[in-house]
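For reference, the structures are reproduced in the following blocks.
Okay, so chain A shows up in both of these, paired with chain B first and chain C after.
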Partner chain A sequence: MDLEQLEKQENNPINVLWDDVLMLPVIGMVDSKRAQDIMDIMLEEIERTSSQFVIMDVRGVVVVDSAVANHIVKITKATSLMGCTTIISGITPLVAQSLVHLGIDLGDIVTTARVSDAFSLALKKLGLSIVKNEQS
Partner chain B sequence: MSAIRADSPRPYFNLSINNEQDVGHAVREARSEAYLAGFDKPNIFKLCTIVAELCRNMLYHAGGGEFVIRHIHSGNRSGIEIEALDHGPGIADISMAMQDHFSTRGTLGIGLPAVKRLSDEMHIESEPGKGTVVKALKWL
Partner chain C sequence: MYPIHEMIKLVDGYGIFSIPADVDDATLPEISSELCAFIVQHNVPGLTFDLSNLHSVDRALWSALIRMILATGSLGVAVNTTGICAGIASTLALLGSDPTNIQAFGTLDRCMTDLKNRSKNHRASL
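== the complex of A and B ==
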């Protein structure tokens, strides 16, 4: 593995949350190189794990402008070509407002406020549910 | 627009924008200046979005430019002014460029109209072949 690949992985720590469900937190500024790295990492990991869902959490993104929105749309399209649905979580009221001001329609892209909402949505679509143990 | 020139504002922070790292730097500076000026979180976020749009426009359409943040005061109001100045090709038709979904680069074409919606006042001057100056202002 080369240094660039190593840094790419360090900066974009993608996790397997459950069988078939990946999660990548995105923190800081997203420029076009970063967006490309995120896309590479996601596609590699989707291929390796044959996951059906990838959650991209954008709560820590410093600014969601038209370029970032563009990247999100592109990444989502790419994963769907691999049969994997991207759920964008971390759409806080701030981010939602910003998208409205930008006039961006995320269209069919599934978004949630919290990572946990995205995770339960993915589980539901996979026909899984979390149950509380009977009190013994 | 008179408010923008109300008193000769002292540049508070300026930066050359030549690559995407510079855009990130500009956004972070704008964020801390907006915070110091007393803006709330939603408006800090809006100012950061304005800065990102204007700096990326300079980078992609003009090959780079200068970015300035000023604290401004007019009467009992204060605010922050963002200026993006470049010596690129200029904008041939500003009213077209201000429309949603107009882009000469094949991207979304929503940057400038979004800046208009996100700011309280916005002003563009451009001369083909000479360059472009965009100012956007937000009152506290």
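== the complex of A and C ==
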């Protein structure tokens, strides 16, 4: 693995959250280069694991403007071509308002406020649920 | 060009159509016509396009593939795709491709399950 690839993976740590569910927290600024790196990492992992869902948590993204939104749309389209649905989590009230204010339409992209909601949604779509053990 | 019966495999009556690696946009319309004729002749209720042999696509080839997928779907056949590799997905997203026309799955098993569910629902609605 070359240094650039290693750096790409360190900046964009994607994890298997559950069978068929990946998660990638995005922190900091997202420019075109970073967006391409995120897309590459996500698609390679989807190819490797054949996962059906990827949760992209954008709570740590400094600014979500029209450029970032366009990157997100491209990423979700690419994952969908591989049979994987992207769920965007971490949309804060401020970001939601600024997206509306900027006239940005995320289309059919599934968004949630919290990572836990995104995870619950993915599990539900997979026909799974978390049940509290009565003994504990 | 390859004979159509060498490119399509029937599993439980459903078709898996493997796109050859060296296909180009000029030959696809002819393949598409033969494929449609095959589907009607064999009464295939659903078809998966396996794109795993493809390692690169350009806009012209992708448009031709979409036309073939839409033509097949217009026969009333449930259609889906699998096998799009990371490189192609990335390229297509950058080219601004709209994936709403196609239903993609990560594995052949999921494609088969989808085809069976959709054709069952289709039959139930008739």
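Convention: the second predicted complex is superposed on the first by the 135 of 136 C-alpha atoms of A that agree within 3 Å, B and C clash if a C-alpha of one lies under 4 Å from a C-alpha of the other, contacts with A are read in each partner's own complex, and residues count from 1 in each chain.
Keep in mind that, in the parts below, a contact is a pair of C-beta atoms (placed from the backbone, for glycine too) under 8 Å apart; a residue touches a chain by one contact, two chains touch by 3 or more.
These numbers were taken from a predicted model, which means no experiment stands behind them.
Engineer: Examine A:63 and indicate which partner it touches, taking first as chain B and second as chain C; both and neither are also allowed.
Structural biologist: first
Engineer: A:94 contacts which: chain B (first), chain C (second), both, neither?
Structural biologist: first
Engineer: Would you sort A:77 into first (chain B), second (chain C), both or neither based on which partner it touches?
Structural biologist: In the superposition, A:77 contacts chain C only.
Engineer: Looking at A:103, would you say it contacts chain B, chain C, both, or neither? Reply first, second, both or neither.
Structural biologist: The first partner, chain B, only.
Engineer: Pick one for A:5: touches chain B only (first), chain C only (second), both, or neither.
Structural biologist: neither
Engineer: Go through the superposed model and pick first if A:116 touches only chain B, second if only chain C, both, or neither.
Structural biologist: In the superposition, A:116 touches no partner, neither chain B nor chain C.
Engineer: For A:51, using the defined touch cut-off, is the partner it touches chain B, chain C, both, or neither? Pick first, second, both or neither.
Structural biologist: Touch status of A:51: second partner only.
Engineer: Could you say whether A:33 touches chain B, chain C, both of them, or neither, answering first, second, both or neither?
Structural biologist: first
Engineer: Where on chain B is chain A touching in the complex?
Structural biologist: Chain B reaches chain A through residues 20-21, 23-24, 27-28, 31, 41-42, 45-46, 48-49, 51-53, 56, 100, 107-108, 110-111, 113-114, 117-118.
Engineer: Quick one: which bits of chain A touch chain B in the complex? Just the residue numbers, please.
Structural biologist: Within the complex, chain A touches chain B at residues 28-29, 31-33, 62-70, 94, 97-98, 101-104.
Engineer: Can you tell me which positions in chain A touch chain C when the two form their complex?
Structural biologist: 36, 39-40, 43-44, 46-47, 50-52, 74-75, 77-84, 108
Engineer: Residue numbers of chain C touching chain A in their complex, please.
Structural biologist: So the residues of chain C touching chain A come out as 82, 84-90, 92-94, 97-100, 102, 104-107, 110.
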